[in-house]
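Per-chain numbering from 1; labels A, B, C and D assigned in written order.
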């Protein structure tokens, strides 16, 4: 058995999920909202890419990618504006329900537009090339994904810890009202957070769909769920946590399949989730909070 | 006190009117009418929504495990009520069924609820310590695990593996569904109005204060979770009945979200709201809006734009978003339907003499 | 943190242990051919066909490694790696086209060289798109071959259907944007004609007093020799008596016919069952119309196949939409009810057809939804003609369900036989 | 000397490296009104929460009416970090949850009012009667506990009449004016039949007139219900008026104890409060 190939592919899946997981974790960190629509955004960005390339065949691929990323960020921004920001003062459950509604809407919309057919993601140069490393043959994206995820994580952590914007982000996540009093434009901070999340989802979708090229309206459900589990396992609210969690989930799932537990692969990640929640509810990197009485 | 009695009488009249309507539909509607399948589904999901409401709306525990408990109930019921001579046929891929007897409907229903409640008891111990979102995730995970396990071929002789189960007892009469659902909902209402119901609401309103008032959080949360799961299991059994076949693939998180949306549309914390919403939700999505899925041509032969497969769900999800965003309270908020108050309001509105008898307030 | 580490350790240990068992099990019997079978968890069609294939392949003396994946899986590399690890000579993956789109892309990445085979669902433009530009060797079994020149009805159908598709942009779009004739379209076409024949036969006998029960009775006696997909006659289960499957290979832009794989089927035409006192649906003499229900997934996972089936039915309806009963013309109208590829929608979707007063229902693509709707049609006394639902449970025990295609046990053994032959070369 | 109701011994509460309550020892005897005062951030509320089971204290012991209710000693990471005294004095770990303490007869109110916000005034109080129930979920659902339910309702009505809230009994609790909400919170605590009532800043946010009324009210309920009362308060007037004894803490440590007159003249207390402006 070639354990290495499972390990590499597990890390790759983990890396791709990590980019989605960061989106979950950042939105949760700032709004305490599980953005159920994030997986769907991931899927929509893949679908967008297909339509852009199909409808504007004269566009060079890098421009198509750029256009897709911009559109995805814009959609992420719109979702926040229309579905979440009106509910800023509403109970958390309402916002979560709104998120479920958005994901329902996106899925149905894509299903209507594509007619429920699986569409093929266009060939992406470079990362779509097939290579062989350590005897493992696969697309370059597989080997690159974990690296890209780690690099983006480092950049993001730096932004959060060392820039003015990062500081206001941390402030908003700690206390809405106080940061507003301190002159932070919280709506802007939240919008930018969503934009970053959408950007990462778009990046992740290129890496992911360059390999798993068939996309239909349900393609976001599984990566979304897994990325979300990853975010919780890593400690929701923590960016490095999301990445570590995603890598763990990716590797565990791959190894499970390697060891003949394929029939249980869906059960395993959820079991891991529940074990983590019970043992350490705030995840590996999560902070413990005490309620003020 | 007198007002209270009047209210009760009015509400009883409303229930009687509802029952009468159902009886009339059952007797008079042509057998091919959509009323039957829609009302069966409405009864089922009204109970599912009310049981979710007990947990989410009245106890403030955000659980998303409904699909899992419904699956347990549906499978328990279906497996237990297949006639003995049909068993080898249904379980043909796995030799034969391990269970060699058939249960009557009512005990099977109760057992469906009990199995779901038992699992709720088991996972309630660790999971209910978790706070809001984490609880939601953990229960969601539980539901997925249950589905993942039931689908395994290894359990074939018991669960029929991934293959659907059919041939079990599935009554057609909508009054049966109304009775099961009605009695269950009545019990839930009685619980909510009892001293335990007040304790649940206290936990929802303020956990810390509730604990300081001597309410044992762990005990009461678990109680609510178990009760809710019990009725969820029964709703699952009803779903098996109205679908005449059970397949584990139906019990996805999408189903939980659907139930949640019903609760939200009806109003979180309103029993009558959940029931009305279940009716509107399923009647429109499966019946009234069905025409949106059909490619329709005008008499002149021109195609009406947009209509086509999948369009119904788009319209439907937009409607849901509108409700979630602009009518956050849902249809009923936390209020309950009261015919008496309705009459009073109408009276005040027109300042005329009250109209006697069946004014419906919906 | 310590607890966490111990949990992870425990998990790892369990896996190691299980891996040990797995490796030991895989070690034995590497003599003959090995097939890797991959089915979707919880999918009746996929698992049923996979199991049938497994049984037949093992009966030949081969080794089968079978695994399942959860619904909505999009990355199949790890599963395919398993096939490589086991040195599979053939991969059998009877899944939906949605799965295939990714599975084939992943197979190409891993450099899979052995043939990949599947059942009837894979005869779709989705597969052609996925195979385009790769070296993959992909086969599927199907009900019909458009280049089959031996039968005139098939030839007429193919040219007629292509012309019809090309004349209508909407329909072409529904077909996946091309004019490839899918086998399910041909089956849909046949199913419609079977229904029409049965209604005419019932009308002959009962005149305007005919009910859907009479149609059901007539179906048992129906025999069409020159149907597009070959002779159609129902056996005692209500299944069309089929003895051959067409094997095709996905080439560039089209499916290439490989061979006809036959397996004797000695079933005799069934006798009408006793429908007792069921009343069924009567003919709509007031509006002078006959409704035929079309119970198909036009959305959801199986939408692609569902729509192609609907197209075949539409086309048949465009050629023949009037039945004369007692000297009066009745217009045949189709009522399409979308089951969304979901079992839980089956009953209401079928009830919608019942509510429209249909005399007979066609469909569905997908076995799970067909099984789930069987009881509803039975209760209403409406015969249903399954078009391409191949799972045995669809007709078994359901006296109102018929079907025009072959069954999974047949298809599974045919494919196992073909796989054996191909891999032995 | 009258019977001891609450005995707090060497109570220490440490968060990370911060010692919020440091080796606090205090006694409350039957029938007394005892106040716990101190400047802002002195650790009063933390002590309160440790006594009522909301927080697990790091070290120390608490007994209620002679029964030990809380005992703890530093464990795990805290073993190294612990900065308080008497680390080796206690061996057992016993932390009763707030609901168990309420059952024993300790009831409390909160600094920031915590009423059941969706419930009426009547239901707020009625809910507090839940803990003395004898019914179980089945008898309660099937209304077999009718007698008990009637009794609970009757007692609630009586209590509401006593505290002068009967006329607003059907209003939503959070719709009441502030002073009445305070009163309702106390009434709700009384509904649990406590021996010891713990009031966390009952006069916070009240004007002098309301404070005076509150003083009367506390006296009144003490007589009426035979209560022992422990309270935290900022309002010096109220504290001096009402208390039999006062404990003063600063930076978590007890700095003085005595009758109001002694405290008023205690130099340490004056120092502790000096420099702390009135409006803070």
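Quick note on the criterion: contacts are C-beta pairs under 8 Å (C-beta built on N, C-alpha and C of every residue); 3 or more make two chains touch, one makes a residue touch a chain.
Because the structure is predicted, anything quoted here is derived from the model rather than measured.
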Original post:
Compared with chain A, which chain's mean CA position is the farthest off?
Top reply: D
Original post:
Taking every chain's C-alpha mean, which one sits closest to the mean of all protein C-alpha atoms?
Top reply: B
Original post:
So what's the Cα centroid distance for chain A and chain B, whole Å?
Top reply: 32
Subject >> Distance from the mean Cα position of chain D to that of chain B, given in whole angstrom >> reply: 43
Original post:
Where the CA atoms of chain A average out and where those of chain D average out, how many Å apart are those spots?
Top reply: 47
**OP:** State, to the nearest whole Å, the distance from the C-alpha centre of chain A to the C-alpha centre of chain C.
**Re:** 36
Subject >> Per-residue overlap in chain B, given as positions that touch at least 2 other chains >> reply: 148, 152-153, 208, 309-310, 313
Original post:
chain C: which residues touch two or more other chains?
Top reply: 41, 68, 70, 298-299, 303, 307
Original post:
Out of chain A, which residues touch more than one other chain, so two or more?
Top reply: 111-112, 115-116, 263, 266, 293
Original post:
Once bound in the complex, which stretches of chain B touch chain C?
Top reply: 31-34, 36-38, 41, 86, 89, 92-93, 147-148, 151-153, 161-164, 166-167, 170, 172, 239, 242-245, 247-250, 252, 255, 286-287, 290, 293-295, 303, 309-310, 312-313
Subject >> chain D residues touching chain B - in the complex, by the definition given at the top >> reply: 52, 54, 97-100, 102-103, 107-108, 110, 114-119, 123, 126-131, 133, 135, 137, 140-143, 145, 149, 152, 188-189, 191-192
Subject >> Touching residues on chain C, where the partner in the complex is chain A >> reply: 1, 3-4, 7, 11, 15-16, 18-19, 21-23, 25, 41, 67-70, 72-79, 81-82, 84-85, 97-98, 100-102, 105-106, 108-111, 126, 129-130, 173-174, 176, 297-301, 303-304, 307, 341
**OP:** Within their complex, state which residues of chain A touch chain B.
**Re:** 28, 32, 34, 82-83, 86-87, 90, 92-94, 96-98, 100-102, 104-105, 108-109, 111-112, 115-116, 228-229, 232, 236, 263-264, 266-267, 270-271, 273-274, 277-278, 281, 291, 293
Subject >> chain D-facing residues of chain B, complex >> reply: 187, 190-191, 194-196, 198-199, 201-202, 204-206, 208-217, 223, 227, 269, 334
